[in-house]
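First the structure, then my questions, so here it is.
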């Protein structure tokens, strides 16, 4: 959805019933988009193992309609699980750009959020936020499956607030470790 | 009993070498530590592998370490049938580090030698394709040397990435 | 005025087709939900639960979301082939439903050569898949496309032989007559040659619908996602729906050919019996999908030509012999 | 084996000269001409983002249709320079980093690192701590092998195996969490022993888990081991002869599947393995199925070991006194531990200062991966995934 000029937003609301119309459409779109978040299998390291454990039968992400797709073309959410090295960064950027809109990024684990314990390592990017705009930071090393599900639910709530008239504030959400 | 025949086996294996080849040899438990000078490193390793008594045919480990003044290569060869291991230490000149490659004796050391080159800059003559293995190819310098000045890790995409917070593409 | 319009055969066909399209799409959405639930229970987990009452609206949410996605046509892709491929895969699957007799009166178009038409329409989908593989100009989809072309062609032959055996018994190509011939529990599955034909048919259809253990084309772990790697949004939804519609049709046709179509206890109307039986068969297909590993390409093709086709030929001869023998006895 | 794809030795001339009219075409010559046409391989890129979740490994495959002509693994996408960071820290501060090496069996790394420091500094470990370390190691090995069964099944298409294996693995993780407090990165082995004793009736929990696991193993066999499709996909694929296995420095189940009996727990026993009666799983034919079966049978051996540990567990201190600042004497020492992937060994060099001069981590996955390039040539694309899965590598310890 392209960037909608603000004055259009006011003009539409003034249109009798416009507000309700837009709200109605938003309601359906966001319900569909938040309940069917297909995520890109993008496991880098230890958080990937915990992501697989979350998707397995004990915690089961399929309950929320989250399916793991292998290609970026069919993914809505990119879960970056693991530390991001200098050599890997261009690939992450390219994968992010290959994903169709509307797309979101969930940085899982301390390393993806802010570089984790590798402060003095020369080949680690201090947080995936330097490469792709991140929506939800889930801290923890690795975050427990409940944390990841908490982060995903927060992302669902964020998607429900979106509107086709351009996104309101995009402050990233942070879920504690 | 283990020390005696491992020690004696080693001495018979290394008997054929020129005098200064093996600087020191001690055996403790099932591990023998040899200090070898660079010139006859290849000969010692070949004899360790080929000599039936020693039969160190298993390439356990190959690495290097740099103490700031001198740099050492560390080879660890094991003999699975006989249950003992040989730790071969060899001093390498720090400014121009070079060593004979043993990839033809043990293909397993192929990547280990590439890693030592990648991290210490030791050029292994005779290695099939000596390239960087872990670091990006355009990386300057050899990080594990003591005199390596560590670079602050800027964003890999050349400079801080403008996070387009507002625009939702 | 509407009654008048319905007299005109063209309008009637159009209404039939439109109604059929609606029923199939609804059925496919239910099928997708069923697949994820069955997969869940087989894998000792729940499957979709939070979307709508007990997760029923999950596939509706998926469909609506897919429609809303950005429509990406990759730059290096050959636009013409890329855009047309999903239609070449989706339309034949729907076209084939026209001849499926839900019950004696309920058939969109009763066609005397229905069996032949089903096979012919089925092969158009192969072209669609190869177009998708080649059109996206991506190595993964190229490999996926070529693999699935080889697979579909080599599994078309056993399916044709199985249908041929049934046609011998029913003495007619029209699906309605085939189902009529099985009324009163004289189902073809009880005839020995057709029991083997049923197995050959089901294995062939397993490969036709690209389901494990034959889901080579979109082998997850090997070719990322096979021929629909580059498709996103509504175009991918077409492939997704086509695969499930094909699965439903395969089992519905199996019910018509071997399990007596709409023939069942008088309690329910005929059509419901057919749908019920095909859902049982679809469940078996899903069960197979979530338990068996994948076959390698050369094993897959070897199995088709060295095992299935010979058995198919034997079944055809056996069926022909038993029909001639039965007619000889009758006279 | 040259890595460049087979290029066409002599490109066909602009227009083929037309054969003289009339004579029948010589089939043999035509056939020969087609043969030396020399098709050019298609270079395909598998990874670094790859569905079979082994982490970030990039395989550059040169394909001739479905056949793989050459394969070059590219690694380094998870490289953090851990060994350089170890040189900037005192010895014991490096222990938490070792969890992030082989993050599927972190306790093996902790033990290898702690053991190297203990050998360097000459620290004694009390009996009870040694026994408990063995129990922790075997429990972690079971969890790691269960993960292998799951991902290997998924690589071959049996996704249900992943869910079943993870169901049991969750039980094991719950037990490990009960004693160490973490699910994956335990950091629970200290120089000189363990940070704390086991909670009471933890051993009953472990024994109950052993019975549960043994009741579930037949289920795995029905799903994978005795499945004809699985058998045909893995038997005879990627065969490694014992000589090659030794020459490439393979270790662990990958080596033992080729018939070489080299298990550090039996070859150079550490902790209390010398007093435990278990047998080393050694198979013969060295193909992908043997590598799978080796790990599948090791599950039973680990259960057997766990059952013996708790009745021989003595009372006593859990850790020995180690000073505030640890300055080991100058010298070189190395530790050897049998991690689920092979021989994990830390080589440490000290010059008497609190920080080590060099810490080298000999990762089994790094050594096992060298064989992939030569093993894969000549197989199909589907076999590449099967062979890679059967070597069971973890990229965290390959790239360090």
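Order as written gives the chain letters A, B, C and D; numbering starts at 1 within each chain.
One rule holds for everything that comes next: a residue touches a chain if its C-beta (ideal position, glycine included) is under 8 Å from a C-beta of that chain, and two chains touch if they have at least 3 such contacts.
As the structure is a prediction and not an experimental result, all values here were calculated from the model.
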Chain pair with more C-beta contacts, C-D versus A-B: C-D
Intercentroid distance (Cα basis), subunit B paired with subunit A, Å: 44
Where subunit C and subunit D are represented by their mean Cα positions, the distance between them in whole Å: 42
Subunit A-subunit D separation of Cα centroids, rounded to whole Å: 32
Between subunit C and subunit B, distance of the C-alpha-averaged centres to the nearest whole Å: 60
Sites on subunit A at which at least two other chains make contact: 56-57, 70, 87, 101-102, 120-124
Two or more partner chains touched - positions in subunit B: 135-136, 143, 150
Shared interface positions of subunit C, touching two or more other chains: 43-45, 220, 224
Each pair of chains that touches, named by its two labels: A-B, A-C, A-D, B-D, C-D
Subunit A contact footprint on subunit D (complex, rising order): 48-49, 51, 53, 55-56, 76-82, 84-85, 88, 96-97, 99-100, 103-104, 147, 150, 162-163, 166-167, 169-170, 173, 183-185, 395-396, 399
Subunit D to subunit B touching residues, read off their complex: 3, 75-76, 79, 81, 83-84, 246-250, 260-262, 267-268, 332, 334, 343, 345, 347, 349, 351, 357-358, 360, 362, 366-367, 369-370, 399-400
Subunit D partner contacts - residues on subunit B that touch it in the complex: 30, 33, 57-61, 63, 65-67, 74, 76, 80, 83, 87, 89, 106-112, 115, 119, 129, 132-136, 143-144, 150
Subunit D - residues contacting subunit C, complex: 42, 44-45, 51-52, 63, 66, 153-160, 163-164, 167, 223-224, 227, 229-230, 232-233, 380-385
For the subunit C and subunit D complex, residues of the former touching the latter: 42-45, 139-140, 143, 147, 212-213, 215, 219-224, 290-299
